[in-house]
Amino acid sequence: MRLLTRLLEPKTIVHAHCDLPCGVYDPAQARIEAESVKAIAEKYAQNTDPEFRARAIFIKEQRSELVKHHLWVLWTDYFKPPHFEKYPQLHTLVNEATKLAGATGTKGSMDAKVADDLLAKIDEIAEIFWETKKS
Amino acid sequence: MRLLTRLLEPKTIVHAHCDLPCGVYDPAQARIEAESVKAIAEKYAQNTDPEFRARAIFIKEQRSELVKHHLWVLWTDYFKPPHFEKYPQLHTLVNEATKLAGATGTKGSMDAKVADDLLAKIDEIAEIFWETKKS
Amino acid sequence: MRLLTRLLEPKTIVHAHCDLPCGVYDPAQARIEAESVKAIAEKYAQNTDPEFRARAIFIKEQRSELVKHHLWVLWTDYFKPPHFEKYPQLHTLVNEATKLAGATGTKGSMDAKVADDLLAKIDEIAEIFWETKKS
Amino acid sequence: MRLLTRLLEPKTIVHAHCDLPCGVYDPAQARIEAESVKAIAEKYAQNTDPEFRARAIFIKEQRSELVKHHLWVLWTDYFKPPHFEKYPQLHTLVNEATKLAGATGTKGSMDAKVADDLLAKIDEIAEIFWETKKS
Amino acid sequence: MRLLTRLLEPKTIVHAHCDLPCGVYDPAQARIEAESVKAIAEKYAQNTDPEFRARAIFIKEQRSELVKHHLWVLWTDYFKPPHFEKYPQLHTLVNEATKLAGATGTKGSMDAKVADDLLAKIDEIAEIFWETKKS
Amino acid sequence: MRLLTRLLEPKTIVHAHCDLPCGVYDPAQARIEAESVKAIAEKYAQNTDPEFRARAIFIKEQRSELVKHHLWVLWTDYFKPPHFEKYPQLHTLVNEATKLAGATGTKGSMDAKVADDLLAKIDEIAEIFWETKKS
C-alpha cells in the first residue's frame, strides 16, 4: 500500500530545517527516522545480548528525537495559518505524533507496535501535507 | 514590571528537554534565549564593524533556534490534552511564537522590536504555564 | 526526468547513520541536502541584502556538511567489498562527490552550477545503490 | 528555603554561552540541569526496569555535561580578574563543582546525594555571582 | 615502538575538519580517539558494575563515531587524486578502517583486540599520510 | 623550536573529554585547534572575497570554541588538587587561556597575533601538564 502511495505522490523537493527559508520540505524525513526506530525495536526483540541492547536503547533515543525535530519543523516552518484553518485537526495531529516519538512513545518503549502507531500518525500528517502542496 | 512578575511567580523547578521524563520544565529557558537575541540585536545596531556583525548574525541564528527548541519541548513534553482543551488558543500561541523565532522572525531580522514581539509571545505562554502549575 | 526515475525506483526503506546497524539507507537523504544547497545558491543570487547573505553562507555550510556526512555513511556503512569489486569506480565517485560538497565545492561557492554538479554525482551513486538493492 | 531565596534574588538578566558577548548570564542554568540530574537519580531508584534505567544513565550523562558547560562558561566568560581577586576561593569552587558533575560525581553515580552536593556547590557560586552583580 | 615512531615523525601542523580549508591535518586525531576506545574496552573488562558498563558502551559509541569522522575528513579533505593514484590501496584502507570503527567493529564490540585492529589500520593510513607530506 | 620540544615530549597517550574516565589527555588537542585558528586568521588577511571571509569568521568561531572546550576538560578532568597546590598559577593560566579563545580573544579578532598569544598560553599549560606526567 505504501509503495503505491509513494509512487502516486508528486514529489519534487524535500527536506526541512533550513529555515532560511529554503522552501524545501518533506514528511519523508520524519517517516524515515520512524522506520529506523521500528527497525531497532524489531532487532531488539531478536537479540538478547546486553551490549547490543544497550546500544539499541541509546540509538533509538536519538532517532526518536530526530522524528520529533522533523515534525516540529514542519509544524512551524512549513504549515501556515490558512493550513491550520483548513485542517483544524492539524495542531492536535502533530502534537500527538511528537508525543508518540517521546518518553511516552517510542523513546520509552521497545514495542514495535508503538513505532507503527507513530508511522500511522506521520502518514496522516503527510496526507495533509501533500494536499496542501496541490493547492 | 518584569522583576515584580518574576518575584510573584511560584517557581520550584525548571528545565526542559530531558524527555525521560524528568518532570522539570520552565518557560524561562525559552525567555532567556529570547533575551539573548534581543541583546544581540541591540549590540548590532551600535557596532558597525563587519566582523562583529557577521558573528552577531551567526550567534543570533543559534540562539533563535534554541528558543524554537525550548518552546517545542514545552508544547510536546509538558502541555497535555486537558491543557489544550482548557486553553484553545494554546496551539496557535506556541506556533506563532516558534514562527517568531524563525526565518520570518528573529532569525531573519536584526530589529530589536521583533525580539520584543517574541518575548511578549513567550510571556503569554508562560502565563498559561504557571496557571496549569497551580491547578 | 527525475520524477520518472523516482517513480521507477523500488523504494522500501530509507535513512542512514544508524550504525546499529538498522539496515536502512537511501541516497535521497544526501540528495535532499544537496537540493537545499542549490535552493540557497539560487536565493542568494536574487537577494543582495547583506544580512540575508550572511545567513545563507552559514546555512549552506551546514547543509553541505550534511551532504558529506550522508555520503560518507553510505560509503562505510552500506557499501560492502563485493560492491566495490563490482563497481571499481565507486570509491572515486564517492570521494569526488564529498569533495564537491566541501571547500572546493558547494561550501566554497555560491554558484548554483556547482550544486548541480554535486546533484549529478549523487545521482550516479544512487544509480549504483539501486542496482545493488536489486541483486 | 529555596523558594524564599529565589524570590529575594535580584534577577534581571540570564543565560550563558553567547560569547558575543551578550552580557547575559545566570547560574540558574547550571542549577536547572543539576536539578534534572537529581530528578533522574530519584526516578532511577524507584524504577528497576532495565530499559528505563539504561535511558536514565544516558540522559543523566548528557545533563551532567550541560552542568559542566554552564559552569565553565560562567568561569571564563562572566567572572573577571577583579572577581577572582575579591573571592580567592572562586577558582577552586568552580573546579570542584565541575568535578562534581563529572565522572567522579553525578556522571559516575546514581546517588541523589551526589546531586545534592553538586547543587550546594552551585548555590555557593550563585551567591558570589549575585554579590558581584550588586557591586 | 610507537614512541619511537612518534619521535621520528616530522610533525608540524595538525587537525582536521576545518574545511575552509585550513590546510591543517594529522591522523593523530583519529588515533587518539581509537586509543580512547581501547582504554574503554580495557576498563569495561575490569569493571562489572552495570551502571559503569552502560556508560562505557555509550561513550565508546561516541568515540568510535569520532574515529570514523576524522578518517572521513582525511579521505575527502586531505588526500587528493595524485595520492590515490600513487597508493591504489588507499581507498580500501580508509574504507576498512572506518568499518572497523563502526557497528561491525569497535561500536559493536567490547573486545580490546578489535580496537587494536583499528589502531593498526590507522597506523597504515598514517604511514601513507606522512609519506605524502614529505613529497 | 616547537619541533624540538615536540620530539622531546614523552607522549604516550592523548585525548580529552571522555570523562568515563579514560585517563587519556593531551594539551595537543587544544593546541591543534589554536593552530587552525591562526591559519584561518592568516588566510583571512590574504583573501578579501566577502564570501570567503564570512566562512572564515564562522569557522574560526567554531574552532575557538573547541579550544575553550579542550582546555576546560584538562582543567576539570585531568588536573587534580595536588597539581593546583604545586602550581598556584595554574587556575589563572587556564582562565586566561580560555578567555583568549573567546569573545575578547580569537573569537572577536582576525589578528593572527591574538592566536599567537593563545598558542603561547597553551604552551605554558602544556609545560605544567608534562611535568605532572613525569611525577
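Letters are used for the chains, namely A, B, C, D, E and F, taken in the order the chains are written, and counting of residues starts over at 1 for each.
By our rule, a contact is a pair of C-beta atoms (placed from the backbone, for glycine too) under 8 Å apart; a residue touches a chain by one contact, two chains touch by 3 or more.
The shown structure was predicted, so the numbers you read here are calculated from the model rather than taken from an experiment.
Peer 1: Which neighbours does subunit C have in common with subunit E?
Peer 2: Of all the chains present, those in contact with both subunit C and subunit E are A, F.
Peer 1: Both subunit B and subunit D are touched by which chains?
Peer 2: Touches both subunit B and subunit D: A, F.
Peer 1: Residue numbers at the subunit A-subunit C interface: does the shared fraction exceed half, giving same, or fall under half, giving different?
Peer 2: Interface between subunit A and subunit C is built from largely the same residues.
Peer 1: So how far apart, in whole Å, are subunit B and subunit C when each is placed at the average of its C-alpha atoms?
Peer 2: Centre separation, subunit B to subunit C: 34 Å.
Peer 1: Rounded to a whole Å, what is the gap between the Cα centroids of subunit B and subunit E?
Peer 2: The separation of the two C-alpha centroids amounts to 41 Å.
Peer 1: Would you please write down the residue numbers of subunit C that are in contact with two or more other chains?
Peer 2: Within subunit C, the residues that touch at least two other chains are 19-20, 54-55, 58-59, 107.
Peer 1: Got a list of which chains touch which?
Peer 2: Chain pairs that touch: A-B, A-C, A-D, A-E, B-C, B-D, B-F, C-E, C-F, D-E, D-F, E-F.
Peer 1: So in the complex, which bits of subunit A are touching subunit E?
Peer 2: Residue list for subunit A touching subunit E: 51-52, 54-55, 58-59.
Peer 1: Under the touch definition given earlier, write down the residues of subunit B that touch subunit C in their complex.
Peer 2: Within the complex, subunit B touches subunit C at residues 53-54, 57-58, 61, 107-108, 110.
Peer 1: If we count contacts the way the header does, which residues on subunit C are in touch with subunit A in the complex?
Peer 2: Answer in residue numbers: 3, 6-7, 10-15, 18-20, 22-24, 26, 28-29, 31-33, 35-36, 39-40, 43, 55-56, 59, 63.
Peer 1: Along subunit A, where are the residues that touch subunit B in the complex?
Peer 2: Within the complex, subunit A touches subunit B at residues 19-21, 65, 68, 72, 75-77, 84, 91-92, 95, 98-99, 102-104, 107.
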